[in-house]
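Chain IDs A, B, C, D and E follow the sequence of writing; residue 1 opens each chain.
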Amino acid sequence: MSTFVTLLVIGLSEGAILALAALGFVLIYKATGVINFAQGEFLLIGAYSFYTAFVVMQLPIVLALLVGVLVAVVVGVVVERFILRPMVGQSHISIIMVTIGLASVLSALVQMFYGTQPRSMPPILPRGSVSILGGTVPVNRLWAIVICAVVLGLLTWFFQKSRHGVAMRAVADDQQAAMTVGISVRRVFAMSWALAAISALIAGVTLADITTVEMNIVNFGLLVFPVVIMGGLDSVPGTIVGGLTIGLVTQFVSGYMDPGLAEIVPYLVLVLVLLVRPYGVFGEKRIERV
Amino acid sequence: MPPGQPLLRVSDLTLKFGGVTALADVDMSVESGTIHAIIGPNGAGKSSLLNCMSGLYRPTSGSVALRYVADDVGRGRRDQPAASPEADIDSLDIRERALTSLPPHRVARLGVARSFQNIELFDHLTVLENMMLGRHIHMKQNVLTSMLWFGPARRQEIAHREIVEEVVDLLKLQAYRQKPVGTLAYGIQKRVELGRALALQPSLLLLDEPMAGMNAEEKEDMARYILDVHELAGVSIVLIEHDMNVVMDISNRVTVLDFGKVIGDGTPQEVMDNPRVIEAYLGAGAAS
Amino acid sequence: GGGGAASADSDEPIPIGVIADLSGATGDVGTPYNEGMLAYVEQLNADGGINGREIDAMSNDYAYEVPQAEELYRRYLSDEAVAIQGWGTGDTEALRTRVANDELPFMSGSFSEELTDVEESPYNFLVAATYSDQMRAALNWIAEESGGEAGVAALHHDSPFGTSPVGDGEAWIDEQGLDIDFTSHAMPAGTTNFAGILSQVDSAGAEYIIIQNVASPAAQLARDLKAQGGDQTIVCLNWCGNELFATGAGDAAEGHVMVQPIAPITTERPGHEAILAYADENGMDPADIQVSFVQGWYAMHIMAEGIRHTLDAGEDLTGPAIRESLETMGPIDTGGVIGEGTVEFSADSHRGSTTTGLYEVKDGELAVIEEAVSP
Amino acid sequence: MAVLAVIVIILPFILDDYWLALANTALIAAIGAIGLNILVGYTGQISLGQGGFLAVGAFTSAILTDRLGMPAPVSIIGAVMLTAAIGVIVGLPALRLKGLYLAIATLASQMVILFIVRRWEFLTEGQGFLDVARLEVFGFRLDRANFEQQWYMILLVLAILAALTATNLFRTGVGRSFMAVRDQDIAASAMGVNLTRAKLTAFAVSNGYVGLAGALMAHYTEILSWEKFTLDVSILYLAMIIVGGMGSVAGAVYGAVFITLLPVLVREVADVVGGAVPIIRDQLPAVEHGVFGLTIIVFLIFEPRGLNRIWERIKDWFGYWPFRY
Amino acid sequence: MTAAPEAAPGAGPPAAAPSLLSINNIEVIYDEVILVLRGLSLEVPKGQIVALLGSNGAGKSTTLKAASGLLPSEQGEVTSGSISFAGEDITKMDAPERVKRGLSLCMEGRHVFPHLTVSDNLLAGGYTKAKEAGETLDFVYEFFPKLADMRARTAGFLSGGEQQMLAIGRALMSQPTLLMLDEPSLGLAPLLVEEIFATIAKLNADTGLTVLVIEQNARTALSVAHHGYIMEQGRIMLEDEADALADNPDVKEFYLGVGGDAGKRSYRDVKHYRRRKRWL
């Protein structure tokens, strides 16, 4: 029981962070049709830019966060403008590959300036443990869940309900048509990349706080793929469910079965889901009419 | 299949998409050797019906059955002229096959070819390659001999290329042979699509709005090609078309759909005079 | 060789290839190890080299990837290196047949027992106690400390390096009749928490966790252990038994134990003096000198001694000659830094030492529990 | 053309072992990249599983030779067939998946295969790596002194065969049906192309080449460990076909050579400018990594059709020289 | 034809009406080499329906793209000449700005947002006029009662005609003063074509909406338009009041084609018929 609670809370917290990172991915995908393989690197950039502001430049935490947001927005917008805009109209594969290239460049930059060694950061979230139902649970994990839940909620509302959300979805469907109804495609693109980078920043910083600031964050970021595919590439609720599922399953497999197996369990779950539902649990079937 | 024989029979065909009923208990029959038009308002289910015929949609219930002469199919012998009208029907080995349970490629193998409402060509391939794909069902697919090229693979390519060249001539596509189809003008693409379907040497040709988006002149040309194909190659044709002038002029028989139901069937003139058709489709203006 | 660097009477620099991990999975300790080697070479060259000849240490990062190591090895081969300083277990084992074919003496940061078979790996030399010996020492200590009965979970890096001592540890328990309940798990790379593995350790009833991994993940595990209120004692072998673990885990490191064949700088052995002098000259803070740095320094020292012996004997600097020197030159003094203080090879054993030290983390420092332990 | 042929043939006599080894690595990569291009470039099925498939080929051939004592050519053929078969198994989900869904399904296969390679002790007998005996073909054992030259000849012949057979494939109906599936699968099925069969054939054929590349890798490098088959390798191969030119056999070859030589190039440059910009030398792996990414981006933005297209332009230019157009 | 509404052609002398959109001698080049419009000029007077006719590839769609600012998204560019709307030079303005000023384009081939529902499509259409979106929505549903019935359906699954209505409805959501329609009858059933043109005429009559419409179906288009232009190869070849155009023998021959009139030629009689003379 005690183990169960510990694993549950840790699984949920990882799942929530994962969902947040994945939501950024989905945002980009839904608005621009781009599959961003560099989302893991966005987490990395988020964590390191915050680290630089907070630890290296010794700014107060709020200011450091603002710097992080600023960097995120700039990176998002620059990437959109100079790398993806020229790619408009290219095939799926090309767009996937360009973001893979981007991922290499971003992680190489971080590595060049910070090396590969983990850096520790003064705690941001409260430390210590509490006992819940007999399980010892680190407090920062609970905080991580709360933070991610709030941000996820905000982003979901924005995307589903706001006018800009509809505009983003319209742009995703047909850019030219979106222009004819007065939606600025460039603004929407920039906005979705910036939002994705910001959600990655929050996910990255939360993750860095409960572990360390290190290159490994990228590996964590790789898990957004099983998450988004499982939930259904274009579904916001699917992303959240997918994130939590992967977080929990991984944790339980590692706690009760084999920690090594836990590495590939997200992929096994994913394959099983795809066999039953080729468009993910919540994904809609692509419209193909002839 | 000799002309005048029933070729395709659609019975009780119903197709639903979630809550939408695209086709409801459709019954119709296509005779061999005719140009059979399907008309009806937008969303009436014409394309859906065609998709059911070619195996792309699986109907909720009902069936589409194709009758064919056993020898004609699947042996690459379709280069001989279709059986002459005089041939004794009883001497032919005529079979019937339900298309509704078959995947599209199996339907194609039975000699049913089609074009699409919004041109669906292989954009990066040349006109020739597109048309050679029309020959796909007649070719042996052997990976190993293909890799070696010399020998059977090469001979086969040449043999089929000759048939494709006939189609190229018929449709006057000589000038475009090596052009990637994606770069061609709309009207030419429509013609290539027709050619690709013809290359299959089908016994039944399904055309979904082959003249959409064409101006008067191009329509005339396309109508001419369709008539040529019908007359010279002896192919039966199912044609979806909105331009009533075309339908009146070139089709032998017309079926009218509305809301997934058949509301009229008969010769073009009969259909034109049918009050239900006028009300649902033609409008008072066209009837005058 | 006729002329060139290999010739006995040449005065060209002596090329040695260094395959280093600076940015890979074991870069946290690979970096100071590499720095230690290069520092030694710098010092040696400044002091006039070996009989007036400098060492040209070509060092490149291979990011702990075997294929990269192979590619570097080929480059060193074409650059006519006379010896190689390698790093990881995977790549050292992967290269050993080639090394044997090419007759190049090869030392590395890997102390895998696999490599001690002189028949199979005639050109590999191990300068300190093997991982398996370290594991044995750890098990002996646990058996003693717990008063006989104990549960032990061996957590290891998911690689040949990690698994290297696990089987030998199990065999040792049988052989010695220790009353130890032994389980083992691979530590997944790049994981964000060890909660799962720790709950497995818990449910197996282990009181001791032996870690065969590098410092960073070990430190993370120690932190997770503390956050989840676990009371197990961690015993770190070689590459996590160092200052990096102590600082990385912070107060979560307190009381955990380390098996480390190399004496940390804080133990102030005679062999440390040269290093401290070097640090002083180069403005390094002595507190920053990690045990991995010391290890690198002495690994290079031993290789250099072998070369010196070869040159002294007036022979050409060929692989076989250096190998023969190392096998026959007798004990090499390390000023008390490695094991009992000296390293010695022979024609039928390339196991330079079998003893190791035991330390405990106290107030963030490594405090000696026992020295020169031999299983 | 003739000039090129001469160069390729005299290469082993003018290059030293280090450069020959690079050439050999590039030739093996070329075979693998041709295979990948059949699947990705020609059939439009994205695969991130290349690394895993190479592993299947490599371990199969090594184990057949070393443990079952089969002659190397036989075990290489065995490896080709098994890898092709595994390709079909992985291809099965591809029948229902498209675009990113397929890409991630192949990513999953990569992860799972790699996991098996790492954890299945049978493969490496618990050592974590596998030694492969020196290649012996029909009783002829490669000798150490001429190791790289002899391999060069073997690999050259095989790479040329691979390129020829792949080119032939796309002159015929089988290859056309692959491309039809890529461009418009619904229309393809309406033309009588059996999508299931076409996709699975593409997976099998593609993986046959990949299996060959893997097997050659095993015998050439004489040592196998899982690290040679990571996701990075899958990406490396994708980069080859992007840089070389998707849907082009020649492109795959150019791409393989280019991407193999890229890190060497970066290192040479770093040696030269490293003095002035020390970070380039100190952070070489990061720089290599970054240059690799940048190369992909630059190609995709400025010449999405890759080196093959550039080469064609050069040929055209010289063809018309001195008259442009 | 019954479609022609009360606002019959000739309701006001076109010359007198102030021009809402005027295109002055523009040249358009695609991909920096393909010259498509070669000095095209055209006026759309306020409150009128203007039809733009021409054969395939004449550059009709290009003209509308130039007017609505879509060219840059297709590597096209206006290299000379100017376009002004309501007295303002908009040659360099980007597309969303033009929509805000009341210029709305309904693209060739419908281009609805396939994954959005009908109502979301309409709401996206009202992006620039978000505040009044509710009222406009009611207005559109009133005009197209069918859309109201389908509001929750996903647009991609609608039939062609349904999508066309949606596309027009969506264009109306931005409360345009000038509505440009690119081949609204493409692929539509005769009845629907009638309906759509009746709607266009009604919109024009009821709300004074100015309309510029491209049509292959010249007969129908001329029956509702006040004024017509005929273009060939990037230039205007002929312009006149709609009635006059419909009577022009050349127009009859080339745009009204076979069929239709009494004494028509049947499609069966047409042998490979090639255009004997061009307009040029």
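The rule is short, and it goes like this: a residue touches a chain if its C-beta (ideal position, glycine included) is under 8 Å from a C-beta of that chain, and two chains touch if they have at least 3 such contacts.
In this text the structure is predicted, and so the values were computed from the model without any measurement.
Undergrad: Going chain by chain, each one touching the next, work out the least steps from chain A to chain E.
TA: The fewest touching-chain steps linking chain A to chain E number 1.
Undergrad: Computing the C-alpha centre of each chain, which chain sits at the greatest distance from chain E?
TA: It is C.
Undergrad: Among the chains, which is located farthest from chain A on the basis of C-alpha centroids?
TA: Looking at centroid distances, B is the chain farthest away.
Undergrad: Could you put a whole-Å number on the gap between the CA centroids of chain C and chain E?
TA: 79
Undergrad: Can you compute the centre-to-centre distance for chain A and chain B, using the mean CA position of each chain? Integer Å is fine.
TA: Inter-chain centre distance comes to 49 Å.
Undergrad: Between chain B and chain E, tell me the centre distance in angstrom, where each centre is the average of that chain's C-alpha atoms.
TA: Between these chains, centre-to-centre, one finds 32 Å.
Undergrad: Nearest whole angstrom, what separates the Cα centre of chain C from the Cα centre of chain D?
TA: It comes to 36 Å between the two C-alpha centres.
Undergrad: By residue number and range, which residues of chain D touch two or more other chains?
TA: In chain D, 186-187, 283, 285-286 touch at least two other chains.
Undergrad: Check each residue of chain E and list the ones that touch at least two other chains.
TA: 157
Undergrad: Give the residues of chain A touching no fewer than two other chains, as numbers and ranges.
TA: 111, 115, 260, 263, 289-290
Undergrad: Considering only the defined contacts, which chain D positions touch chain C in the complex?
TA: For this pair, the touching residues of chain D are 16-18, 21, 118, 126-129, 131, 144, 221-223, 225, 227-228, 283-286.
Undergrad: Chain C touches which residues of chain A in the complex?
TA: Where chain A meets chain C, its residues are 3, 6-7, 10, 14, 111, 115-118, 120, 127, 129, 136, 138, 207, 210-212, 214, 216, 219-220, 250-256, 258-260, 262-263.
Undergrad: Quick check on the complex: what are the chain A residues that touch chain D?
TA: 35, 83, 86-87, 90-94, 96-98, 100-109, 111-112, 115, 225-226, 229, 233, 260-261, 263-264, 267-268, 270-271, 274-275, 278-280, 286, 288, 290
Undergrad: For chain C, which residues count as touching chain D in their complex?
TA: My answer: residues 22-23, 60-61, 63, 65-67, 70, 74-75, 77-78, 89-90, 93-95, 97-98, 101, 114, 158-160, 163, 167.
Undergrad: Which bits of chain A are touching chain E when the two form their complex?
TA: Interface residues on the chain A side: 163, 166-167, 169-170, 172-185, 234, 284, 287, 289.
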